[in-house]
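Shared chain: subunit A. Partners: subunit B in the first complex, subunit C in the second.
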Partner chain A sequence: MSKLPLWLRIGGNSAASLVLGFLVLPILAVVPASFNKASFIYLPPRAYSGVWYERFLEDAEWRTSLLNSLQVAVLATAIAVVLGTLAAIGLRRLEGRWRAGITALFLAPMIVPVVVTAVALYRSALDVGLSGSILGMSLGHMILALPFVVINVGIALRGVDENWLKAASGLGGGPWTVFRTITLPNITPGIVGGAVFSFITSFDEVVVAVFLAGYSNKTLPVKIWESIRLEFTPVIAVAATMMIVLAIVLFAVAQLVSSGRETPTK
Partner chain B sequence: MRSAVTSRYNMQTVLLLAPALLVLAAVFVIPLGRLFSLAFTDPAGTWVPFQTLLTSPVYRQVVANTLVVALAVTAICAVLAWPVAYVLSRLKGVWFVIALYGVLFPFWISVLVRTFSWMLLLERNGPLNRMLAGSGMTDGPIALLFNNTGVMIGMVHVLLPYMILPLYSAMTRIDRRLLLASDGLGAGLLDTFRRIYLPLCLPGLAGGATFVFLLSLGFFITPALLGGANAITLSMLIASFVNDRLAWSLAAAGSLALLLIVLLIMGLTAKMLPLEKGMFAK
Partner chain C sequence: MKNTGLPLRLEGVSKRYGKYTALTPTDLTVAAGEFLTLLGPSGSGKTTLLNLIAGYLEPMSGTIEIGSRDVTRLPARQRNIGMVFQSYALFPHMTVGQNIGYGLAVRGVSKAESTRRVSEVLSLMRLEGYADRPIQKMSGGQQQRVALARALVIEPDVLLMDEPLSALDKQLRRTVQLELRRLHQEHGRTTIYVTHDQEEALVLSDRIAVMDQGRIQQLGTVDDIYDRPANAFVAGFIGESNLLPVKVNAVAEGKATTEVEAFRRTIVAPAAPGVEAGQTARLLLRPEHLLLNETDDGVPAEIIEAVYLGELSQYGLALESGQVLTARRITDRSLRTGMKVSLSWDPGHARVVPEN
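Right after this comes the complex of A and B.
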């Protein structure tokens, strides 16, 4: 095994390249599709043009959906980051069965199939009048994002030595001072990572949003979802391309932050 | 004095956890509980929704289709993951980074966008069909969309990284001296693979397979768009109970059944596999 015969090595590498190509390349098909000149999607386009980008920006429904998505994602991220960070710090102070049990509870939204969560939230939103509202979707996305914050901040907290906290409070620092001067600076990369995950989770989420959006507050993925089922115009590809670009940008930010975490500058 | 300090510490811990727990209860636990309660409060009788789901041939067909698709997707992922995981575990430097990003990149792109991409590629007059016809492999356009073929292609694409990463993680932890030893003792390539490499990869493979299977069971977006009415899965059925028929008790019973299946499989795998805690940490 240490020295595979040549044919097996070549075969393995080719197979791996093919599978990697299968993973990456199909995603990019929407990019040329968005530059179609025709009013239907043809791949590869016979003629290129940016006309569908203009159409996207001119159309009030698409524009609003993009703004709705950003609003929902910001709100969901803000709540998830605050609640998740506090919870992660609290979890670290627990031991044994309590910690395991409560952690499992926080991770549960990742395990329950999203359709089940969506239907449950839809029913309750109908009852309390949050159906079709930005707040309702934000709360739903916040629940899906919470595990990412708890995990990311929890990992960052492993780098905070208990003795530093004891020393700081022994020197007379109150809980808030200790948090602000010792804990927070050390877990900032974890918080940023959790925030990026939360934002992407909300911005990309479609199942909960489809159930909760109603008629007037569609998010971008909901608008894409509905448009796909109506007709295949290149404007959908424009919206999809925008989502890819945003994901890559946030991905790069997260990478920069996490590489900052590893360089021992302090 | 000491107990006062301890109790203040405990109080702080409670205050740190309380906001998130209260919100989780209000926005997740209680809504789920309320939904599930609808399964048992049907005016027709407590167990009627479950009986309807179990006895109707249509619904049984949907459950069977969900299981078949999930099993097929898991099997295909298990095969496709091998070369990528192995090459990843052997690569170094730039090539390793490039290959790793190839596996991680799809994670960052919305499942909806990826599914839409596949709709464009698999269309009747799409590039794939034209390529197949152009190369003479097919006589005319074949139906790749709105059936189980399309659903499986799309789902394998979305779920494959969940199989590759645990398998890769198991492979990196294999002590390569074991393989050298086996080689030195005269075992052939196939023997070394079968008796040493494969058993050591098995926990990763099983972990990945569990992930992929569980995620497949609850998958919604991809089957709904790529399969449509011809390839209905359990999650689509639940959604249609709510949206098309307002049959809340059936939706609740279906949701509860889906969740119980997922929890049951998770419990069984956790019992059977000694999954190390650090396994998915990376």
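Right after this comes the complex of A and C.
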């Protein structure tokens, strides 16, 4: 590898740091903002306190919205993981032409503008009486999350040798046993990755949620969006901080699971 | 664990991929305890045949019987067949012991019994003490033995191996071949073995099936196939050969009278079944059966190349017709490039075979 001139390396690194800074710092700014003592967001805060965290937890509407978000995200993730994994396995068995077409169909929710999906879901949800329900929002988010599972599991499946499955079934394993003992352990990192993306997709999703939330079942991002139009209080920063922390924790988990797979201990 | 396995019978088994015929309707009978090798060029249908027997492919026609059981419609898991894959197909997330014990575990064999049988087969394969090793930490040769152990531990009625040694280097391959032969002699069970490697086939097999273009071209012992090839493909594929185009004038009592253009002579030689008067055929002369200067009235030829291989030498011989033959003789330093020689052969060693 040829060494770059010093000025180029310094210049390159500085540029990269700047870009990263521009991307990340505004997001991280909400963390100190959430520890303001005053009822207005000062940056940096003039005095620190955890008072807005208390306020967040005391307020029934904020609490409910957090719980709603968690419920919706868990449900959406669970359904997306099951359906997405099945879809990925099915896609792998298809012939080339069919596979490309149907894959595109599964990935469509990632490409179609979310607001279009949201309008479509809004109409359909009204028809089947799912509008304003947790289940309705979960199903909506599930559709947005599905591509992440299909992609992640699809990639993981490429690492599963067809011959392992043949060997396992030749040794006496039925289809379910072979899936459970051979396929599943080898695609777990892909499933976990897909699940994390699904969860985060749902947890911070606002467009579909606004359309489907109704009055009583607001999710956290919907509540933030509503609040921010009324007043600019540090509680919003608290809510945002919680979302960031959750995202970081989930990505860390996904990282651990996939790196733990690649280098088996012992 | 002395179990010689069961006989295997295929009748009219065929396979097509779309319009492409990978296996023409094929009959094959393998005796209990026999070691049969499928030998043939790439794409000749060896793996297809093996996969049909194992139950990984469904035949378009025909029946497959193991022992007295018709398994044609049974899924692979109900056939009790052990298969060793070219790539081994070992389960990467399991230890050596778990890999070998997999077939026992899914059959609901008890833990204790499974442990006992796994350690038994480990020692049979000279892998004692490796049970708890992750599979990735085993060398190529060790993985090959684990794959074989995994197939053997379920006591299969038939053992199938698809080019199991092709991933090993040449030296290791020799060792494992001898090991396989020892295993088969001690614990012989019905085995079908696929290889590209003629020598390997000769070392291991009771019988060899030579395949080409989705068809078993000849099935027989090593001697049958080498000395009495059924057609020009088999003659050319097994060992080295000179194959000369001939026109058949007459066939009687297993001998054909043929016009050999290259020799400008008519000769009489033993003929394979399928050689018919009035048709073209091939005359097979093995390099080691050609004689130089043993008679005066042989076919005149000129030595155009002499390669010393130690005790033996290989000679390139140009006939007056322009045809070039290869001869292999005990080294004789008086034979040099450019010399004219008289070429002959023991009439019993020539053979007329159909073109295909």
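Basically, the second predicted complex is superposed on the first by the 250 of 266 C-alpha atoms of A that agree within 3 Å, B and C clash if a C-alpha of one lies under 4 Å from a C-alpha of the other, contacts with A are read in each partner's own complex, and residues count from 1 in each chain.
Keep in mind that, in the parts below, a contact is a pair of C-beta atoms (placed from the backbone, for glycine too) under 8 Å apart; a residue touches a chain by one contact, two chains touch by 3 or more.
These figures come from a predicted structure and were not determined experimentally.
Undergrad: Touching A:Thr181 in the superposition: subunit B (first), subunit C (second), both, neither?
TA: second
Undergrad: Just subunit B (first), just subunit C (second), both, or neither: which does A:Leu57 touch?
TA: neither
Undergrad: Is A:Val206 touching the first partner subunit B, the second partner subunit C, both, or neither of them?
TA: After superposing on A, A:Val206 lies in contact with subunit B but is clear of subunit C.
Undergrad: According to the stated criteria, A:Leu91 is in contact with first (subunit B), second (subunit C), both, or neither; which is it?
TA: A:Leu91: touches subunit B, not subunit C.
Undergrad: Would you check which partner chain A:Gly173 touches, where first means subunit B only, second means subunit C only, and both and neither mean what they say?
TA: The answer is second: A:Gly173 touches subunit C but not subunit B.
Undergrad: Is A:Ala108 touching the first partner subunit B, the second partner subunit C, both, or neither of them?
TA: first
Undergrad: Please name the chain, subunit B or subunit C, that touches the greater number of residues in subunit A.
TA: Residues of subunit A touched, subunit B against subunit C: more for B.
Undergrad: Which partner does A:Phe22 reach: the first (subunit B), the second (subunit C), both, or neither?
TA: first
Undergrad: Would you tell me which residues of subunit A are touching subunit C in their complex?
TA: 161, 163-164, 166-174, 177, 181-182, 185-186, 264, 266
Undergrad: Could you pull out which subunit A residues touch subunit B in their complex?
TA: 1-5, 8, 12-13, 15-16, 19-20, 22-24, 26-30, 33, 41-44, 79, 82-84, 86-87, 89-91, 93-94, 102, 105-106, 108-109, 111-124, 127, 139-140, 142-143, 146, 150, 155, 175, 200, 203-204, 206-207, 211, 221, 224-225, 228, 232, 236-237, 240, 243-244, 247-248, 250-251
Undergrad: For the complex, give me every residue of subunit B touching subunit A.
TA: The touching residues are 9, 12-17, 19-21, 23-24, 27-28, 30-32, 34-35, 38, 80-81, 83-84, 86-88, 99, 102-103, 105-106, 108-114, 116-121, 125-127, 157, 160-161, 176, 179-180, 182-183, 189, 192-193, 196-197, 217-218, 220-221, 225, 235, 238-239, 242, 248, 251-252, 255, 258-259, 262-263, 266, 281.
Undergrad: What part of subunit C is in contact with subunit A in the complex they form?
TA: Contact set of subunit C toward subunit A: 54-56, 75-77, 79, 81-83, 85, 87, 89-93, 102-103, 106-107, 134, 136, 150, 154.
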